[in-house]
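Each chain carries a letter (A, B and C) given by its place in the written order, and its residues are counted from 1.
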Amino acid sequence: MAIGIAFLVGSAILLLAGVNPLVAYYWLFYGAFSATSLVETFVRATPLLLIGLGLAISFTARIWNIGAEGQFYIGATITAVLGLYTQSLPQPFTFFLLLAAAGVSGAAWALPPAILRAHYGINEIITTLMLNYIAIYTVSYLLHNPFRDPVSSFPETSTLPEQIWIPILVPGTRFHMGILLAFFTVPVIYFILRRTAFSMKLEILGSGRKTAEYAGINVTRLIIQSMLISGFLAGVAGGIEVLGIQHKMRLEISPSISPYGYTAIAVALLGYLNPVLIAATSIFLGGIINGSMTMHRMANVPVGMAGIIQAIMIIFIMLGYYLEEKFATKLLERLKQ
Amino acid sequence: MPLIRLENIVKIYPGGTVAVDNACFEVEKGEVHALLGENGAGKTTLMKILSGCLKPTSGSIYVDGRRVEFRSPAHAMKYGIGMLHQHFTLIPSMSVLENVMLGLTDQDVKKEKLLKDIERISKFLRLNVDLRSPVHVLSVGEKQKVEIMRMMLLKARILIFDEPTSSICGPDAENFLDMLKKLASEGYGIVLITHKIREALKVCDRVTVMRKGKTISTLKRDEIKDERVLLEMMLGEHFLPEVLKQPREEYETPLLIVKDLVVKNDQGVVKVNRVSFEVRKGEIFGLIGVEGNGQKELIESITGLRKQLSGQIIFNNSKYSSSPSYIPEERMEVGVAPSLSVMKNAVLRDFEREEFSGRYGILKFSKIGEITNKIIHFMDVRTPNMNLPVKYLSGGNIQKLIVGRELMRGSELLIAEQPTAGLDVRSAYHVRKNLLKLASMGVGILLVSSDIDEVLEVCDRVAVMRDGRIVRIFNASEADPKRIGMYMLAAEVGLSSQ
Amino acid sequence: MIAELVSGIVYSSIILLTPLLLAGIAELLVEKSGLLNLSIEATMLMGAFTAFMVAYYTQDLLLATITAGVAGIIMCLLFALLTVFLSLDQMVIGLAMNILTIGMTSYLYRASFGWYVSPVPPHIKETIRPIEIPVLSDIPLIGEIVFHQIPHTYLAFLLVPLVWWFLFKTRLGLKTRAIGEDPQVADYLGINVNLIRFYILIFEGFIVGVAGSTLSIAYYNMFLDNMTQGRGYIAIALVILARWNPLLLLPASFLFSFIDAAQLRIQASGVIPFPYQFSLMLPYLLTIIVLIIAGRKVKGPAALAKPFKKVR
């Protein structure tokens, strides 16, 4: 429903810009889900999925980590920098080591706002968001100065040695093992969020701090844990992007029309914090990002469309929550009478 | 013609509870009309309908003989009907003057006239406070008077008081009742909601008795010869015997020792000042005091929700190193996670125990379901199923779930704050009976209550708290409501009468 | 020499301060009524975009400023609909609206000017000029600095005492504070909680929209993607630093912009060389520091960011 409305509103905006919505949407879907572009859709979906899964954990506790973009950048940068120096280590080992380093650095970037929130009650939305800017400027500095590829005209590192790239699974495409790894994470997070005492702690904290303290939960520790997990997955997503796709660190590693770190917030919310739905949403939005580029090339529609469609969907999903609650209350009344 | 008349009022809450069932009621000018009934009889609901807080399912309201329908409390106030709730409708951080002005409509504000009116009313009510001081520094009695003043400034003709003496006691309560009479003699129509027969008889001109949502009968004061007539009306044929304390084995082992405890509140004020006491195995230890005298902070620090400044809290329980059972006063904010299912709330404090989440932190839903079923049956919690989010249950059912969970946790120490608040008579009786049963099984219970009768009914010892100190610990045999009430109040009353 | 340097820094800090103070004072009022509006970031961006578009096509800067305010009102109306009347979560809606607006403005910008932005992006020829206040601007030193600013700055300075007066000296202000402390009680006393919040959001929309216009038609002469760069969030942090007191908001935001202006000056002078990226990230770092200093255990309005639902 929300998707339908988002597309309807999108049509109106397209019409305003003098573009036939049907033609535009044809290219949108062609670019997203045709046989040739499907792999690219999965390439886009992978960081969205990993970050979105991490956010699902902190959002369940109603800890609003908006800093995934920065955590993603830091993870990616650390991977690339370490990658330049770890050529001698044997394969799979290097790969996992680098991804672990990416995750740890993403988590480390999430740590200060986590501590500030947990110990001093400082709004994490603002601090994580500010840290995004700080991360991007820091990375910009690193890419312009110490780690710049001397022969490139762009702010980026040299290309990493081929032996540490994540292996491609389908030759001739960019379908690499990291994509599978990301999708294998879905059942793991699903299990954690559905069956464990840890998830119940998150849920209780999400419904109120006082209740959580009453339930005997160490609230400060839980806030920090949940932020670290989401930071870790965002960092890993950055590492996979570098090792699997870009093979170097670039300043534009996250698409400017729909930055991964922010789009993943939409993914998590649109997926109702449910890992399976998050997987579906990440594929859908990954497709929209790709499609909006195709749409732009073929129908001359500006790429900001992807952002508009996402945001309208979030708002209507929220409306959905509202209606659902109203409906549930009504239904209960009926049942009881 | 009566000032107001309620005819055949019915109120069915969402969820199907019939709170008021075909009730009729009227108030004359210049009378004190007591509305008498047990907890849960529907008195408050009926009066909330009269004051515009709730919409009746059916029935009609007449003011001066004309039929009206209230859209809101403010709308009812336009007809001169004001209600003083058990919870204050004052904003603590704002000053007395600001609070009084809040309810006024724009045309009645002429500052000089307002100040003059305030002065006149303050004199009448014997209210002596600085208008600029924030409300949170006022005593309970002063807050009540500020609320009355606000209603008088709004030209109320009917004042409804919901259990006004439940948070003040002894001589203060007497003074308060005198004030009601005085208000009535000024021509106000007064409704006094109460469950205390003696209190009703002391001031009223008429009494209406409610039971199970129905108005049973309305009697004039001089028609009432015997209190027991009223008691029978209130309780009906389901006459519940007083819970009988049976002689129990006396233990000396203390389960909870509190020594020289000092605790501050959020504003940094010392609210608990060198408090020491112990709760022994198998005893029910009552803690009573006027609201705001440090009981809340004391309990919060015992249960670990608030840090103590100095002093010691020692748990002597052998079975679990985990927290004692605790029934908190704030149910929705503390006692349950409202958006979680009944099942998860049933193990809210124990889900990390190996019994429910194994060695690796994986929840065992079948085990959790079993315990949930037990609690539901034990406390008669009404819920369509166990997976429903708790927020869809009624307040009473949520309270039952919390009480059931804490009673069945099997700890050796139970801390219960107002455990029967909001429960119907039968459930409250059930809870009291079970407190005694637990005590006889050797559980130590710390019961916090502002209801003297309840405390006296079940406790072995009663500590009275005032101004952050425990001023006296009574043994059950030597305690009576009057003496406890006197200790609850400030020293100005004087304890010379003892 | 030193005096000149300092007055130069003060002058540019007042420039930096204007959008922050405008957004901050409006957000302060909104937070006093119990709402946390994260979408002022979006509102400001929409204001910047609208002001630029109108100025580009009409060359009328006054009209551009006013339409920016109107665009801001529309944004806040959307926020009001979702959070005030439907009681949805204010933080989530605020975030969603920010994502929406970044996409929307960059989309509409490209829809108007085409995807391949030329090396010289579309720009307007004239920007809003500072206005000298007669007499006052002749005061030595201070007159130069304070009374030689764009009208938006004067508006910001004017709003500070005005909002204070409204909150603490008027009946409506009293009601506003009451609904920020306890909407249930306010509602019980017959105060229309949602209506007051609605009006205040309209006010905020206009002011924050105008704040946005300072970016695109006063400081720059063009629109850039996401050009507000988190200023809305910074304004929220400044409200916390000011402890929800309008009179403290002025020194708070001045202090903030002074540090920023000073470091920009140092950076530009090249006396102490440091990479420009560090200069750019300083405001964000400063915001975090502000929160660490001021945001620890301060209490805002009691009902801040809690959805209010009328129950009857």
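As a convention for this text, contacts are C-beta pairs under 8 Å (C-beta built on N, C-alpha and C of every residue); 3 or more make two chains touch, one makes a residue touch a chain.
A quick note: this is a predicted structure, and the numbers were derived from the prediction, not measured.
Peer 1: What chain lies farthest away from chain C once each centre is taken as the mean of the Cα atoms?
Peer 2: Using the mean of the C-alpha atoms as each chain's centre, the farthest one from chain C is B.
Peer 1: Quick check: more C-beta contact pairs in B-C or A-C?
Peer 2: Between the chain pairs B-C and A-C, A-C carries more contacts.
Peer 1: Between chain A and chain B, what is the gap in Å from one C-alpha centre to the other?
Peer 2: Once rounded, the distance between the two centres reads 49 Å.
Peer 1: Can you give the whole-Å distance between the Cα centres of chain B and chain C?
Peer 2: 46
Peer 1: From the mean C-alpha coordinate of chain A to that of chain C, what's the distance rounded to whole Å?
Peer 2: So the centroids are 29 Å from each other.
Peer 1: Under the definition above, what is the set of chain A residues touching chain B in their complex?
Peer 2: That would be residues 195-198, 200-201, 203-204, 206-208, 210-211, 213-216, 328-329, 332-333, 335-337 of chain A.
Peer 1: Flag every residue of chain C that touches chain A in the complex, lowest number first.
Peer 2: Within the complex, chain C touches chain A at residues 38, 82, 86-89, 91-93, 95-97, 99-111, 115, 225, 229-230, 233, 236-237, 240, 275, 277-278, 280-281, 284-285, 287-288, 291-292, 295-297.
Peer 1: Using the touch definition from the top, list the residues of chain A that touch chain C in their complex.
Peer 2: 13, 16-17, 64, 66, 112, 116, 120-123, 125-127, 129-131, 133-134, 137-138, 140-141, 144-145, 256-258, 262-263, 265-266, 269, 296, 300-308, 310-312, 314-315, 318-319, 321-322
Peer 1: Would you tell me which residues of chain C are touching chain B in their complex?
Peer 2: 171, 174-175, 177-178, 181-182, 185-191, 302, 312
Peer 1: With touch defined as at the start, can you tell me which chain B residues reach chain A in the complex?
Peer 2: 12, 14-16, 303-305, 322-323, 326, 328, 330, 333-340, 344, 348-349, 351-352, 356-357, 361-363, 384, 388, 392
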